[in-house]
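Notes for the one structure printed next.
In order of appearance the chains are A, B, C, D and E, and numbering begins at 1 in each one.
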Amino acid sequence: TDSASTASDTASASDSTDLSYDVSGVAKVDDIAAMLPDAVAEKGTLVVGASTDYAPAEFRADDLNTAIGYDVDLAKAIGNVLGLEAEVQDGEFASLIPAIGSKYDVGISSFTITPERLENANMISYINVGSSYAVKAGNPQAFDPESVCGQTIAVQTGTYQEEELATFSDDCTAAGDEAIEVLSYARQSDATTNVVGGKAVAFYADSTVAGYAASLTNGQLEITGGIRDAAEQGIVVNKDDMELAKAVQAATQSLMDDGTWGKILDAWGVEDAALSTAELNPKA
Amino acid sequence: MSTRPPELIRARPVPRPSLWVAAAIVLVLVAMLVHGLLTNENYRWDVVGQYLFDPRVLSGVGWTLILTVAAMLLGIIMAVLTAVMRMGTNPVLRGVAWVYIWFFRGTPVYTQLVFWGLIGVLYPRLSLGIPFGPEFFVFNTYDVINATVAAILGLGLNEGAYLSEIVRSGLNSVDKGQWEASTALGMKRSTTLRRIIIPQAMRVIVPPTGNETISMLKTTSLVLAVPFSLELQFVTNAIGNKEFLPLPLLIVAGIWYLFITSILMVGQARLEAYYGKGFDDESPSKPAKGMSKRQQAILAAGTVKADPNLEVTP
Amino acid sequence: MVEVQGVHKLFGDLHVLKGIDLTVQRGEVTVLLGPSGSGKSTLIRCINELEQISSGRLYVDGELMGLREKNGVLHRLSDKEIAHQRSKIGMVFQRFNLFPHMTALENVIEAQRQVLKRSKSDAEARAREELVKVGLADRMDHYPAQLSGGQQQRVAMARALAMDPQLMLFDEPTSALDPELVGEVLNVMKDLADSGMTMIVVTHEVGFAREVADQVVFMDDGVIVERGTAAEVIDNPQQDRTKDFFAKVL
Amino acid sequence: MSTRPPELIRARPVPRPSLWVAAAIVLVLVAMLVHGLLTNENYRWDVVGQYLFDPRVLSGVGWTLILTVAAMLLGIIMAVLTAVMRMGTNPVLRGVAWVYIWFFRGTPVYTQLVFWGLIGVLYPRLSLGIPFGPEFFVFNTYDVINATVAAILGLGLNEGAYLSEIVRSGLNSVDKGQWEASTALGMKRSTTLRRIIIPQAMRVIVPPTGNETISMLKTTSLVLAVPFSLELQFVTNAIGNKEFLPLPLLIVAGIWYLFITSILMVGQARLEAYYGKGFDDESPSKPAKGMSKRQQAILAAGTVKADPNLEVTP
Amino acid sequence: MVEVQGVHKLFGDLHVLKGIDLTVQRGEVTVLLGPSGSGKSTLIRCINELEQISSGRLYVDGELMGLREKNGVLHRLSDKEIAHQRSKIGMVFQRFNLFPHMTALENVIEAQRQVLKRSKSDAEARAREELVKVGLADRMDHYPAQLSGGQQQRVAMARALAMDPQLMLFDEPTSALDPELVGEVLNVMKDLADSGMTMIVVTHEVGFAREVADQVVFMDDGVIVERGTAAEVIDNPQQDRTKDFFAKVL
C-alpha cells in the first residue's frame, strides 16, 4: 500500500547497524496459524501499527525509515509464529487507533491497559512495565520520589504516567499541599531535554524508557527511586475481531513459553519486564 | 409627474435547466455525505455527544478563546508599532521592524513556541538595567514567563509580524491627498497619523484582522509546544488518547472550532458590511445598519482606496 | 429606431426614471442634457440593457428589448439573446474603458473575434480601417496607457463601430478629457453624425448640441422637462428649470 | 531654455540625534542577542552545523518544497473554481462554494489531515458511478490515496478555501467599467472573465498568493497527521528525538525555513514590484525592471483598484 | 510676497521645472495657465514645500523656504520649522481633500487646535466665522460626503483661511466640480481677492482670469512662456504656443 512515501518499512531491521534481536529463528506454529481469520491468512502479511517515537520500545533507526525496538522485534516474532510477514507501519496516535482493523491488523506501541481502553478495543497483555523518575545526575535538587508535591515534573502527553501524576497532584491538594506542576510534552525527548536543561526537576516515564534515556544522555541523567508501580501493556486488536485477537494471544503466549520474548527484552537491556502469560483483556 | 410607475414588469425568468441539474447532483452528493457521516460507525456519534459538553472540553474552549483574544491584542500592538516604524524615516527603526517581520514570518510558529517555553532554561534570569552595566531588577524568568504568558507571547509576537503588513497596507490605502492636506495645514506626522490617517485606515485594517482572528483560533492548538495544556485541541486529544477514541474527540474539537468560527465569520461579515458597503459598486448604496454617521461619511467620501477584504490562512 | 414608452426605473426605493417617452428616428442625433443625477446615464444604460427597466417598454429597431411576449406572458430573454440585441448597439463611456492589457488594435479586434466570430484577418482588417477613420493610423500598436485621453476615446469609438452598430450611445464622452483634447473627439463624432449614424449623446458641450443635434432633450429629476431643436431648448427654453440650468452653464 | 539646472541644491540634512540613540540601543541589544545565541551552550551550534547538510535533512527540504508546490497548485485550482462559482448567478453552486469555504476554514487543518489519512479506513472503496445505481469503476481507496496524495489533498483543499477569497477579491478589484465595456460589446460572462478580467486581476491575486506560499511552507509540517514522514520538520524532530537534542535540530529546521522563506520573500517582493509599482504613489514612476509591456499597460491604466498586498498568516 | 528665482525641479531624470522666475506682490492675484503636464501643480507645490526644489531659491514673505544658510553652507530646516513656514500658506486642492470623518466645523477646527494650539472655544468661534463667510452657515454639522462638490471646496477654503495665511494657493479648485457648481466657488475666490489676499491660482477658467487676475502666467513644458495682464496674455498672446493653446480652449 504505502510505498516509499511513508516511513513504513518491512522487517529489515536486522540489516541495520542499530540494536535489534534477530528473530529469524522463530518458526511457524501451524496450530496457531490456523486460528487466523481467512482474510489475514490469505494476505500473508501482518500489518502492525506503531507510533515510532518511543525508544526503546519502538522508534526509528538512523535512516529515519526503519522501525526498530523491542515491540518491533516482538511483532516480527509474532509474524513468524503465524506464518506471516510482519510489516511495521508508522502512525500518529490519532490516526493509529481508528485504523486498527482495517489499515493495520494490530497495534503494538506500548499501549497501557486500562479499563476505559478495554471498552473500545481488544488488548493482549505482553509486558509489565514500571514507572521511573529520572533526574539530573547526582540529583542536585534532592528530588524525592516519595514527596512530589510542589515539584515541577515533565511527562509525555498521553502516557500512563501523565494520569498518575494528575492523581498524585490531586492527592497533594487534597492533603492541603501544593499541587504538582506537570509539564506535559508531546514527545518524550522534549521531557528529557527539559530535565537536562533544568526546567523540570524530574521526568516520569515507563521504566524502560527512562532507563534508555538515561543511558543515551551520556550520564547526564540518573534514575532515582527505582521502578515503581508496574502496569501491563498490551497489543491492540479491533474490538470486533475476536478471531485475530485469539490468534495473536496464542502466538504471544508461545513466544513467552519458548523464551524468545525474554531474549528480545534482554537484547534491549530491559530485564524483568516480560510477562509469562499473554492474557486477552485482563482485568487491570 | 407620476410618482409610482403604473405597472411593474413581472417577467418570467429565463429557464435554466443546468441550474436544476446542478442542484440535483449537489443534493444527492450532500445526502450521500450526510448518510455516510451518520452511519459510518468509526465516527461514534454517541461518544461525540457524550463529550461535546464535557466540563474539561468546555474549559478548553474557554482557554482557547482567552489565548486567541490575548494573542490578537498583543499582535495588534506589535503590528501598529512596527507598521509605523516601517513607514517612518528612521532607517534603524525601519530595519528593526523589517527584521522582526522577516524572522517571525520566516520561522514556524511551533518552533517559536518551543523557544518561548524554554526561555527559562536558556535565560534563567531576566534583568532590567544598563547593558553590560549594573542591573536594577532581576527576575527569575519562570516567575515572569509562565506557560500562559509564554503561549501568549509566542502566538502574539508571531501574529504581530503578519498583522504588521495588514496595518501598513491599511495606512497606505488612505488617499495621499489626506496626508498632503494635513501637511499643508502644518500638522506633524504623528498628529496626522493619529487624527487623520488611522481613523480612516480602520476600514481596510479591521476586516482582515477579523480573518486573522479566525486563523488564530486554530493556531492556538500549537501551544502544546510550550507546553500549555489547557486549550481545546489538547484537551480533546488527551481524552481521545485515554479512551482510545481519537476520532470522535477530533470531531468534538472540530465542531467547537466550526461553531466559534461561524460566529466569528458572522462578526466579520458584519464588520465588512460596516466598513466596506458602498465601495464594491460605485452607486450610493444604503449604508449597513447601525453604521455610525462618522463611518458612513468616511465611506461615502471614498478616500480609502483599497477594498482588500482578503481572507487569510490559519 | 429607438422607441421609449413610459419607462420607469427604480433602484430599490430610489425612483430614478419617472415615465420617459422618447422617439429617435433612424439617422437622427439626439442630445441629452440635464443636471447631475437627473437620470441621463440611467436612460441610455437602459436602452443598452446594462440596466433592466422596471416598467414601460423599450424598442430598438422595432424589437422589444430584453423581453419576449408569449401568450400574454412576459419572458426575460436569455443572456445570449440579450448579447445579440446589444451587439447592434455601440456604446462609448465617459471613462473610455479600453482593455488596458491590449493594444489599440487588439482592443478593436477582440469583440469582433469573440462575439461576431470573424476570422482573424477579417477582424484585423476591419480594425485597421476603423482606427484609420478615427485618425489613429500611427497609434495602432500602442497600449491605452500610452495614448492621450482623446486618443483613447477615439479607440473606444473605433471599437464600438467595428461591431457594425445601428445605434451609437455616448455617455459624456468628452467630460473626462483635458480642455485641449475635447475637440478631436467631438470632430470624430460630427463625422459620424454626418455619415448618417443614429446617435444618442449625453454631453455638457452645448456647442456640439447646437451644431449637430436634430433633437435636444432636457431632463431633470427623472423626467423629460423639455424637448425640441437646439434653437428651441437651449436658446429659447420655455420651462423655468431649463432656463435656470442654461443660465448657469453658459 | 536651460536643459540642466545650473547648480543642484546640496544642503546638509537636519541632524537627528534621536536616530543615533535609537541606532545605538538597537545595536547593543542585537549584540547581546547574538552573543547570547552564540554562547548559550543549550543551542549546541556544533550539532546544528553537523546536521544542517545531513542527507536526511536535505531530502526533508526537498519533500517540503514538493508538498508546498503541489498543495499550492491544487489550492489555486480550487480557488479559481470556487471564486467563479461564488460570483455566478447559480444559487446552488454559490451555496456549495460557500459551504466549502466555511467548512475548510472553520476546522483545523490538522484535523482535516487526520481524516485524509484515515480516508481509506472510513471509506475503504471509492467508486465512480451513478449514486445509488451501478458503479463503473471501483478502487481500493488506499491504492489511490496514498500518504503523499492524502497530504497534498489535505493541504491543497484547505488552502483552496483561503485562496478563494483572494481570487474573489482580485476579480472584484477590476474596474466595473471593464465588465460593462465587454458586456456592451456583447461578450459572454465566461469570455469576459477569461479574456478581460482575469489578466487584469492577476496584479491583485499574485502577491498575496506568494504570501500564502510562504505560509504553506510551514504548514506542511502538519502532514505528520496523515502520517507523512519525509518532510523537513518531521525529519529534524525525529533526529532530535533520537539524539535527545531537540533544540539544535529545531534550529536546523528553523534555518532552512528561514532560508527558503527569504528566497520566497525576494520572489514576492519582485512580484509585488512587477504587479504593483506605480500604484502606491500616483506619479508615473518607473516600471519595475523586466516588466512586460502588457503588464506596464495594465498598471498605467489603473483599472485595478485595490492594492491589497496583505500579508497572510501561516 | 513670493519670489521664485531660477527654480528647477527634477523627479529623478524627469526635468519638470526648468528655471522658473516669478514674483508675486503682496495683495496680487496671479493666475497660472498652461496645458496638462506643463508643471503648474509642481510649481505651487514647491512654493508650499510639498515638493523640495532641486535648484534655485524660493522666498515667501522674504524668508528662504526649506533652507537656512549658515557660514555659506546650506542646511535643511527641521520638520517643525517647515511646518511653521507652511502654516503661513493656505492651499486648496483640486480634489478638496477634506477629512471625511469630521464634520465641516471639525474640519476647520482641527488644524487650529493641533498646529496653532488655539483653545477649543477660540478655534470653534473662528471656524464658524470662516464658514459663514463662505456661505455655509447652515451646513456646519454636515460630513463632507453630505455636501456637494462646491460646498466641499468652500469648506476647504474656510479650513485654509482659518489658519490666517498670508498667501493662498489654489490648484484647479473648480475642475472637479459639475458645471453648475463652479460659479459658487469662483465667487468666494473673487471675494477673497477683493479683500486683498495674495493668491496664486491654477485654473482653466479663463473668465475668472480675465476678471480677477493682476498677472497671468502661461507655462508650457516647465518654463514660463509668457506673462502679463489677462488682456495681454489671453486676448493678445505673442508666442505661437500660447496662441495655439487659447485657440483650442476658448
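The working rule: a contact is a pair of C-beta atoms (placed from the backbone, for glycine too) under 8 Å apart; a residue touches a chain by one contact, two chains touch by 3 or more.
Because the structure is a prediction, the values reported are computed rather than measured.
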Which chains contact both subunit A and subunit D?
-> B
Of B-C and A-B, the pair with more C-beta contacts is A-B
Could you give the separation in Å between the centres of subunit B and subunit D, each centre being the mean of its C-alpha atoms?
-> 17
Separation of mean Cα positions, subunit C and subunit A [Å, integer] | 81
Report the inter-chain centroid distance for subunit B and subunit E in whole angstrom, where each centroid is the mean of the CA atoms.
-> 44
Subunit A and subunit E, separation of their C-alpha mean positions in angstrom = 83
Residue list for subunit E, restricted to those that touch at least two other chains = 79
When you check subunit B against every other chain, which residues touch at least two of them?
-> 42, 114, 118, 121-122, 246-247, 250
Listing for subunit A: what residues touch at least two other chains?
-> 94-95, 98, 190, 197
The chain pairs that touch are A-B, A-D, B-C, B-D, B-E, C-D, C-E, D-E
Any idea which subunit A residues touch subunit D in the complex?
-> 1-3, 5-7, 53, 55, 59-60, 62-64, 90-92, 94-95, 98-99, 102-103, 187-190, 192-193, 196-197, 213, 216-217
In the complex of these two chains, what residues of subunit E are touching subunit B?
-> 48, 50, 79-80, 83-84, 86-87, 89-91, 93, 95, 97-101, 110-111, 114-115, 143-146, 156, 159-160, 163
Across the complex, what residues on subunit D touch subunit E?
-> 1-14, 283, 286
Touching residues (chain side subunit A, partner subunit B) in the complex | 93-95, 97-98, 114, 116-117, 119-121, 157-158, 162-163, 182-186, 190, 194, 197-199, 236
Subunit B residues touching subunit E - in the complex, by the definition given at the top | 175, 177-178, 180-189, 191, 195-196, 199-200, 293-301, 303
